[in-house]
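Dropping the structures in below, format is structure tokens.
Two complexes come next, and they have one chain in common, chain A, joined by chain B in the first and chain C in the second.
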Partner chain A sequence: MKKADPYLLLAPAYLLIAGFLFYPMATVFLLSLREYQLMDPLNTPFVGLDQYAIMLGDEYFWRSLWNSVVWVVVSLCFQFLLGFCLALLLNSARFRGRGIFQAIVFAPWAVSGFLIAIIWAWLLNGEFGLVNDLLIRAGLLEQKVGFLSREETALLSCVLANIWFGVTFFAVMLYAALQAIPPSLYEAADMDGATAWQSFWRVTAPMVKPAIVITILLRAIWIFNWADLIWVMTGGGPAGASRTLALYVFQKAFLGLDFGYSAALGVALTVVSLAFTAVFLRVTRFYGDEAAI
Partner chain B sequence: MTASAKPRKLTRREALKIGGGALLGGSALLGAAVTGCGGGGDDGAGQTGQADRTTVRFMTAQTLEKHRSLEPLIAEFMEIHPGIRIEHIKVPWDQAHSKYLTAILGGAPPDVMTIPSWWVTEFRAMGALEDLGPWVRDWPHLQGYSEQVKRLTRATMAFDGDQVFGLPTEVAVRSMFYRTEWLDEHGLAPAETREEWRALLERITDPSRQRYGYALRGARGGFWSWWAIAQEFAGSNAWFDEDHRCIINSPDHVAGLSYWNDLYQDGLAPPDSLNWGFNELVQGFWSGLCGTMEQDPEVVRTCLEHGLDEDRLAITVMPAGPRARVALSDGGYTSMSSASPNKDEAWTFLGWLMAPEQRLRYCRDVNMIPPFASAMEDPAFGQGLYRSFVEMVTDPAILQNWYPNYLPEMGEFLEVRVTEEQQKMLLKRQSPRETLDRLADFMTRAQKKYVDRYGPDTPRPPA
Partner chain C sequence: MIRMHPMRRLVQFTGLCAFFAFAVFPVYWMVATSLTPAQDLFVWPLRYFPSAPTLEHYAEVFLRTDIPRFFSNSLTVASLASACTLTVSVLGGYALARYRFRGRQVTLLVFLATQMMPVVVLIVPLFIIFRILGLLDTLYSLMIVYTVLNIPFCTLMMQGFFAGVPSELEEAAMVDGCNRMGAILRVAVPLARPGLIATFLFAFIGAWNELLFAVMFLNSESTFTLPVGLYNFISKYDVHWGRMMAGATLALLPALAVFAFVQRYMVRGLALGAVKG
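Up next is the complex of A and B:
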């Protein structure tokens, strides 16, 4: 009977997870097999995989998916590079008031997404925006540009706001990882005559790699699912130019009131996230490395 | 660290205790949640509190401001009618539809409820609304509604022959707002027709001074602006022909949409307005970037709060197009639930609350237009900034806007499709003709689906 003990101990946690995670997920999947318009709630026929078939032929879906890829990849690259640089700077610099400086650097992370969106929407405003004014004064622009109302710039404007916001998250996570590297490793590298570049590649990089992989993975899924910044800044416009898949799910569910189809989109969103996670962990050999350590 | 601090292995008995405790706690929480959801259901059964008082449950789904404005009216009613207690259930607007449905389908509907016009057909089809006909026959105010409101009530199927499924709560309608200083500079007066209005916009637009004629709404909700113009050009508010084919892509409608599109392409609206929604539009007007906008009476207060006053703000009826002047109006209804156990008491409250005197007080408070023709005689509405709104709902010559809100696809159409298509047009990726073709195609499919399911007798636009 002793064998049952661990299961009994785990049971409450599993029950909670099942009740609050798997049950809703299963419900969403079942919902995606039905035609369910909230304005016609008494008429929800079972349609099997029809909604998925519609999805594959839906140009809005493919465009949103592509926008999501751009939104995630570009945001993530810059967030990571800038965040890592910031973490290295904070880790290496020794000066008075470093603690205060760190707190200031990390401040954007504490600002709500809606507020960030409003701030950036104003900065990039086509008539009164600060960015336009600065660029014109600097002679880089001849006339004002409506960053949020042009197809070429709308999504990138949101990406810019996202980068500003997310850099600090990478900085916090990677700074913590850098702090955890024992100084003795650097001392040993020094004794062996390693250059700064070599000690970065041979000591720093491998030691923070697990943190980098996990942080990138978390952020990627997070950004992929994050819609409020874009919703407030551009509403997904103009003409869908900045609509991501997560935003499309929101629009379909809460504006179009088509819960069946938006559930199908939600399932697609989950599948893409899971596929990305599997590929990413394999490519970065995350588990292999951990085993080696 | 001492040896005694080392964690001790749990015995099976202890493990069971903990696990069982967690389960018990969990089920207690669940139980509380379930009873919490059902809580108040007992209240609705009728007699509560003092035995001689009947409770009428009144559910409203409105803005905070409107909820607040109802409180003194409810208190006054209970003073006049000590035998009736009103239980006011306030539902946040964004959850309203599902809350109402849950209450109705769950068998515990409120006795009286406020509903927006586009739910009337749906709730009627579910059999959730009581026919107020027997009570309304002796109610002296039914003929007092303005002509436009009467048409609206028929179009939304709230009034259907002798049957009445809801009394109008308020009317929202659009008028044209002008910055009078800009007009005075050029010696202009508010426009009577779309032609004059376009000429006026050309005169007051001056991008070098950051001045544009029109606060255009290119994003969400922009549909209403160009849809009104399309109807003005077509002289009709119909969406479908006899074969249930959508006709909003007729050459006249295309001409109307082209007129609106040209305002943007010719630079009479700010370039950024392509992505403007409600907030940006209103801001664009009061901030002094745009000289005109079309809006609801609720926005008057916003303008006054931001430094405009009666001398610097003019509001007139909407300019007329080649074939018609169109009122973009809509409103809410107050209905009785067919499952109410206290229908007479519910009517006593409903009839009192919907009477002209109460409507005037309420509408004055929340900046909406009362549904009664007598509103014109009230100084708050018959003169000053609100006058044109009342004219828009009382003038029988004005064509009443209508849209097929009985179609479940309407949400998708208004909130996703239209914005996408109109923005493609503003970005010059497609012509107004192509835009309307695509939208008409979507609506034809929606209508066909509806007809297949419910038969060809669909709601029709007001004549």
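Up next is the complex of A and C:
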């Protein structure tokens, strides 16, 4: 066995990651110090921290940051609660066709952000959307609502679509954790006369706690950085009401063609992600690497 | 198994049904819309079942739009990118599983950490790099991006699969005169085949579904991937929902077919943050 072997085998991975992940990531910061308009790529004066100053005074930046908080927190709460319920149900139920059932309820995972967005945009359509139809039939609404075009409902509509997609993730992870609990623990609790409620709080909850913490952190970072869904559903509108920070980064580049400012926003996004990642890595190490991999 | 109280059974049954409906209904609605004749889509109150199902939207999609081309572009990009990803991650995953070397821990940690990188931030610098390389508006740019984005996670995944394959057989092969590369290709890879397939398919779903890089890098319709092509349906002022849902159904089919194979490996995949879009 030669000493260089592992490095040679890993060389393609290292090179590609260095060239197309880390190098571009590093240039984002340099880019944010320049005025860089796509239409004028030869004229990119160095402006120092000016774009950051603009960012701090940009009300759309603060609004997008707040929207990101709502987007992450509300989505996560529901994804976690519903996903945990689904995992508990799957774990306790024994019936025929369970494998197929599981495959079907987990299927939303395979639907892309883009498709989720158009499916839900159609469901929530203000004129012929199914959600309007159901709510009016149930007597909860008097007349049709354009969920995606109203300030109060646009972001929450995206959250709803995100919940639909993300319940699966929690369910799969927590289900795996539940399956790993040795049945002997429940038997022991039973012998000691524990009620179902007690054995849930004394056995189930502590046993799946690491999985819960890790899943929530992973998801939080991922949802925070996820821009496709909102972009396709509402485009961040109306008037920025549903624009998150990740989407703002993309839109500044794609629509604004202002690469310098987009890069500055990107640095802000990265800083928040890094903070999350640091917490994540600490926690994973705390619970042992096995929990994460 | 402990016998269950009938009340608990009822709660359980209702809960499972509710989740089933929640998961399936939006997809059902997409398919139903794609089969409903155009004039029946815009009636109020809505009809929940297409009374006279029709394939007219699919016919339109095939005959009047470029979706077949977008479909084949997506297929090309996704399969080539995942093939590249797989090659790189088989080699890397093998190294991480079989050798104890300096920097192994760091590599694992860094690969895991890349899964938390904000991908949207990469769009601008990669755009600039590809402009310099002259690869903008070509499918090569996307193949490179999708390959690279999937490598860290797929390498970790392959590492797990190789770690589950005993190494004695490779050692025996090497005693018999195989070199290390031969042992990997002739012994380890065939043994880890289910893992290879799962890894390939995970990478495939990721590449098949990606939108933002594609929409930023591609300009001419001849290079559009399926998500970009469908996105252009919306951005035009009048959304033709029947046709849109037919296109969406076609886009979803390959992903669902692939999902049917990989769902067994989902836990490992999701734990590594494999759900990039």
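By our rule, the second predicted complex is superposed on the first by the 254 of 293 C-alpha atoms of A that agree within 3 Å, B and C clash if a C-alpha of one lies under 4 Å from a C-alpha of the other, contacts with A are read in each partner's own complex, and residues count from 1 in each chain.
Please note the rule applied: contacts are C-beta pairs under 8 Å (C-beta built on N, C-alpha and C of every residue); 3 or more make two chains touch, one makes a residue touch a chain.
In this text the structure is predicted, and so the values were computed from the model without any measurement.
Peer 1: On the A-aligned overlay, A:Glu151 touches which partner chain: chain B = first, chain C = second, or both, or neither?
Peer 2: The answer is first: A:Glu151 touches chain B but not chain C.
Peer 1: Regarding the shared-chain residue A:Trp201, is it in contact with chain B (first), chain C (second), both, or neither?
Peer 2: Neither partner.
Peer 1: For A:Pro12, decide between first (touching chain B), second (touching chain C), both and neither.
Peer 2: Both chain B and chain C are touched by A:Pro12.
Peer 1: A:Trp62 contacts which: chain B (first), chain C (second), both, neither?
Peer 2: A:Trp62: touches no partner chain.
Peer 1: After the superposition on A, what does A:Gly237 contact: first (chain B), second (chain C), both or neither?
Peer 2: So A:Gly237 only meets chain B here.
Peer 1: Tell me which partner touches more residues of chain A in the superposed arrangement, chain B or chain C.
Peer 2: More residues of chain A are touched by C.
Peer 1: Does the superposition put A:Asn43 against chain B (first), chain C (second), both, or neither?
Peer 2: In the superposed model, A:Asn43 contacts chain B only, not chain C.
Peer 1: What residues on chain A does chain C touch that chain B touches too?
Peer 2: Common to the two interfaces on chain A: residues 1, 5, 9, 12, 16, 41, 125, 127-128.
Peer 1: If we count contacts the way the header does, which residues on chain A are in touch with chain B in the complex?
Peer 2: Chain A reaches chain B through residues 1-2, 5, 8-9, 11-12, 15-16, 37-43, 60, 125-128, 144, 146, 148-149, 151, 154, 234-235, 237-240, 251-252, 255-258.
Peer 1: Would you tell me which residues of chain B are touching chain A in their complex?
Peer 2: That would be residues 10, 12, 15-16, 18-19, 22-23, 26, 97-98, 101, 105, 122, 126, 210, 218-220, 270-275, 277, 287, 289, 408-412, 415-416, 419-421, 423-424, 426-427, 429, 453 of chain B.
Peer 1: Which of the residues in chain A end up touching chain C in this complex?
Peer 2: 1, 3, 5-7, 9-10, 12-13, 16-17, 19-21, 23-25, 27-28, 31, 41, 82, 85-86, 89, 92-94, 101-115, 118-123, 125, 127-128, 130, 133, 136-137, 164, 167-169, 172-173, 176, 214, 218, 221-222, 224-228, 231-232, 246-247, 249-250, 253-254, 259, 262-263, 266-267, 269-270, 273, 276-277, 280-281, 292-293
Peer 1: So in the complex, which bits of chain C are touching chain A?
Peer 2: Contact set of chain C toward chain A: 1, 12, 15-16, 19-20, 22-24, 26-27, 29-30, 33, 41-46, 87-89, 91-92, 94-96, 98-99, 101, 104, 107-109, 112-114, 116-129, 131, 144-145, 147-149, 151-152, 155-156, 160, 180, 205, 208-212, 215-216, 227, 230-231, 234, 241, 244-245, 248, 251-252, 255-256, 258-260, 263, 266-267, 270-273, 275, 277.
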